[in-house]
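Input: structures, listed below.
What follows is chain A paired twice: with chain B in the first complex and chain C in the second.
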Partner chain A sequence: MTNRKLLSEAKLWLVAIPVLLWTLIPIYHIFLFSISTKDSAFSGRLWPDHPTLHNFVTVFKQEHFYLHHFWNQIWNSLWIAVAAGAITLAIATCAAFSISRLKAKGGRTVMNAALFTYFIPAAFLAVPMYKAMGTYGLLNNRWSLVLAMVTLAAPYAIWVLKQASDKLPWELDEAARIDGATPLQLFRLVYLPLMVPSLVAIFTYALLLTWNEYLYAFLLLSHENTIPLAVGLGHFLASDDSPWEILMATALIYGLPPAAIYYAFRRYMVGGLTAGAVKS
Partner chain B sequence: MTTWQVWGALLLAPYVLVFFVFVLYPVSYGLWLARNPESYRTLFEDPIFFTTVVNTIFFLLVAVNLKFVLALYLSGFFVHDRRWIRWLSVIFILPWAMPAIPTIFSIRFMFNPEWGVVNQTIFRLTGLDGPNWLTNPDLAMAMAMGVHIWKALPFWTLILMAGRLAIPKELYEAASVDGATAWQKFKYVTWPSLRTLYITSTLLSLIWTLGDFNSVYLLTGGQPADKTHVLATLGIRYIRLDQLDHAMATIVVALPFVLPLVYFMMRRLSGDEQKTSQ
Partner chain C sequence: MATVVFDSIFKSFGSTKVLHGISLDIANGEFMVLVGPSGCGKSTLLRMLAGLEDIGGGTIAIDGRVVNDLDSKDRDIAMVFQSYALYPHMTVGENMGFSLRLRNDERKRIEDRVAHAARILNLEPYLKRYPRELSGGQRQRVAMGRAIVRDPKVFLFDEPLSNLDAKLRVAMRAEIKALHQRLKTTTVYVTHDQVEAMTMADRIAVMNDGRIEQLGRPLELYDRPANLFVAQFIGSPAMNVFDGTYRNGAVEALGARWPCSAKAHEGQPVKYGIRPVHFDFGSGVEAEVVVVEPMGAETELVVKIGGQSLTVATHGRSPAAPGDRISLAPNAKHAHLFDAASGARL
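Presenting the complex of A and B:
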């Protein structure tokens, strides 16, 4: 390697190392606390003297005041996320098919309404939504969070699915129509099979969005039997001398599955908006 | 109407229903609640509101711009075609991939003035007490911006990376042949192609950052003395205090800023749509 090449390689590492540290330190900090005992957690060491899985045992056995409903909360998180994912997928697929392939009347207006919802900051929509859920008598019912997350996830889902289905060749639809297929047959036999990759991505997107959501969850649900794990984690902040090592173990259990799922479907996750934005 | 049109309307109906029940009705009702001038008068008299507006403006200007300058720079780094840089980009995505609570709580603990690892390290190295990261309002706001950037930087870096990868390589080769410096390549090749994307992304990020509840709430909870709120957390604070008219008024105040941006973004995406369908 010439000096020049070595220099440019060194320059790259000069960027890489700060980026790596900046990214990993807060995450490593979670991991470090979760395998530390209470005493060594606060010693400021980079690796505990006696790494332990005891914190995880405490969590799984629900042996701490903040964790008495751990399994119940994780079940709620899962139930709400799967329900929101499935409903979003169903609603968005139908809407995208209708707008893109059936060219339904008013499709453009609906698309614009969806985009409007997508761009409005979620924390702003939370205020009127909270009031409306109260009016509907849904507060403290898990369905309120499911429906709120469907409302938040569906616009992006419709947009991505519409973009994807616009790319399918029209000849398919024409052939199906000439063969006398009904709209439902076209949907079931031609459209759905071709859209599978996008459908998987959209289900994952809505699932993760819901699992990760904190604001809507803690606004809409407060009863200890209905709250998801995200809200349960928030309760740890009620006092200043919280058991951080146990909180971090719980946080790791909460945070790892979505990260793993994200990596499995990484290819699809950023694609939609990027494709739209880059085109110009 | 033909069968096809009937089915078109039927399949569209579920989303239209969701939009009416969970967006249109709540928003209209909320705006109706916010019609009373009195709620704005009391809102403007609340000293917390003024601090919050200032905080929000700073948050938007500093955090969004800093984030995009960094994203622009890092996107140039991550497009290098090396295996280890590809691996690094996979790790770099983690803050975006992980849910907000674990990582923000972790940062909150790291910077706890008494027990956090940061001040402990400062104490061990210098024998001095570290700054009150989260109990000094100015520092706490800066930390919240840091958290926001930490979390959102990977996403926008990826977007700008995609933009850079779309620039034809021949342009850079031609520039090299002409003996252009790295800066000249950026100024005459990269930036002109990336500018539209950069500006659109910045505007979109402005709207979304305005709605960033987590970075502030999970880090400081608005404390100390409600001096570190932004509009997103202030609205929620009023809900918790059962002052819904104030919560709505807080949002209405931001609408003259939000709506033009939303309109612009909608126009842009619809415009793209027309191009593809032609």
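Presenting the complex of A and C:
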């Protein structure tokens, strides 16, 4: 009995250790670069001789050619991610509520359409999206990226929230209707409070998706003042002699907010994103 | 307080017909129980009255006003669900006051009404708790509190006790009954448990397969069931029923003559029904005891007569043991005759 348990535990470790290394080594690599001086960055050591925080100071003070707009760009990243998260959340919540709880006509079609969008890779849509934004005169406007990310995130968000909504007991709606609730009161006073975990999960999902987006940001935004940090980071690679240690310091800073958000909401993320994933 | 009138109500889900023309008048302040086996359509009927289900055909009127096209919230009814359907994110007090809050009542008035209901239901210590922190019986009472607070025209109950254990069910039965006697609000109560129906109802509508088989006071249904279905559904232990032939003022069945007071045509095939408590011991039909079930206050015997199992109940203890042969005298006054083909009472 215990032998068997040990064996399965060992198998688990056999999988877990490579996965852990596979995730952690690049991160450690980034970290190593960011605390190294320019000349020792490529020394190949596991720990630099003279670790320094100087790279971070350079970044925060915007003291490098590629970093003149650092604060502006991180603000863009944040602004765009929060806006896309909020709009996705609003759209998906309303859609899920009306399809799942109000049984709106055509709900099935919307759900099928939402699923169907995933048969088309996002990269295929990049050019049409570029043209559309051009038509609306939104190119180089942060809203273009917000809208593009909402269209990419919304189908999945609707799908997940609809599944989660379906799990709320139907009697609650009936009880509320008998208690005298209008659909809007039902939404505000019963539905939203009960959906909080899923809503948090979907908001962070859309937020992180947008925060990490590169392709669309690169296509739709090109001005130094409108691009998010992801694109700004890409500019580092424009020259032959890239300042790797500063690039990595910036990248580390860029990676911290998602990690913090994920950590803060980890309870909701696991429960919320898998809620409705399987039929109970 | 109000009357409720169902007038030839029809309902189908897709091509399945569920209700076939139900008409039922419920008087002001009456406690009406709809009882019937699973799937007979009693919940559907109640939900139509609540406005949760479209009315397929016919009209429903509350207090003389046809409500077919009214929203649930405009019908002035309150409903207690089998699953209680308490709002999990609200405290007991908030749950009970929710309907008043939706009506934009004053805060003070809501608090007073909730406190009043909590006092009636002994829920005062729990007002600040959440539903998940309550026992099943307490949740049940909160669900009732939510209904009381509104002072509606009609209370609707859909199997409110079926999630409780047997002992609590008996206690809550008495509580609901007492509540009704105190508030005198017209009540429609759905159950599949005939004991609940018998003990609580002013009148019972026995439903089967989308029809009302019989409507009447509990003891009327018990004493004069209109047909075989009601006869076998009402009463515990259930009535003994077997086939026989009417001859010379009695029924010939199971190799014996069974006395009865009802009349049938000479030679007519009938069903003979007799409740377990309506046997006397003494001279009569010969029977063999198969099982003895002592319950303290009374004893149930399962006996075999002519190959058929019958139940006999006696007050007090019985000296009989399995294998004994006894002689039973069916009480003619309490024997029921039903037409063998239609099942209608003769």
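A few notes on this one:
Just so it is clear, the second predicted complex is superposed on the first by the 239 of 280 C-alpha atoms of A that agree within 3 Å, B and C clash if a C-alpha of one lies under 4 Å from a C-alpha of the other, contacts with A are read in each partner's own complex, and residues count from 1 in each chain.
The definition used in the following text is that a residue touches a chain if its C-beta (ideal position, glycine included) is under 8 Å from a C-beta of that chain, and two chains touch if they have at least 3 such contacts.
All values derive from a computational prediction rather than experimental measurement.
Once the complexes are laid over each other on chain A, chain B and chain C both fit without any clash.
Once the two complexes are overlaid on the shared chain, A:158 sits against chain B while remaining clear of chain C. One of chain B and chain C touches more residues of chain A, and that partner is B. Once the two complexes are overlaid on the shared chain, A:24 sits against chain B while remaining clear of chain C.
Residue contacts after overlaying the shared chain place A:12 against chain B, while chain C stays out of touching range. Look at A:193: by the touch rule set out above, it reaches chain C but stays clear of chain B. Smallest inter-chain Cα distance, chain B versus chain C, after superposition on the shared chain: 10 Å. Of the residues of chain A, those at positions 182 touch chain B in one of the two structures and chain C in the other. Of all the residues in chain A, the ones that touch chain C in their complex are 169, 171-172, 174-182, 185, 189-190, 193-194.
Put simply, chain B touches chain A in their complex at residues 3-5, 7-12, 14-16, 18-19, 21-23, 25-27, 29-30, 33, 74, 77, 80, 82, 84-85, 88, 90-95, 97-103, 105-107, 109-110, 115, 117, 120-121, 124, 150, 155, 158-159, 162-163, 166, 196-197, 200-201, 204, 207-208, 210-214, 217-218, 221, 232-233, 235-236, 239, 244, 247-248, 250-251, 254, 258, 261-262, 265-266, 268-270, 272-273, 275-277. Every residue of chain C that touches chain A in the complex is listed here, in rising order: 50-52, 71-73, 77-79, 81, 83, 85-89, 98-99, 102-103, 146, 150.
Residues of chain A that touch chain B in their complex: 12, 15-16, 19-20, 22-27, 29-30, 33, 42, 44, 90-92, 94-95, 97-99, 102-108, 110-117, 119-132, 135, 147-148, 150-151, 154, 158-159, 163, 166, 182-184, 187, 211-212, 214-215, 219, 230, 233-234, 236-237, 244, 247-248, 251-252, 254-255, 258-259, 262-263, 266, 270, 273-274, 276-280.
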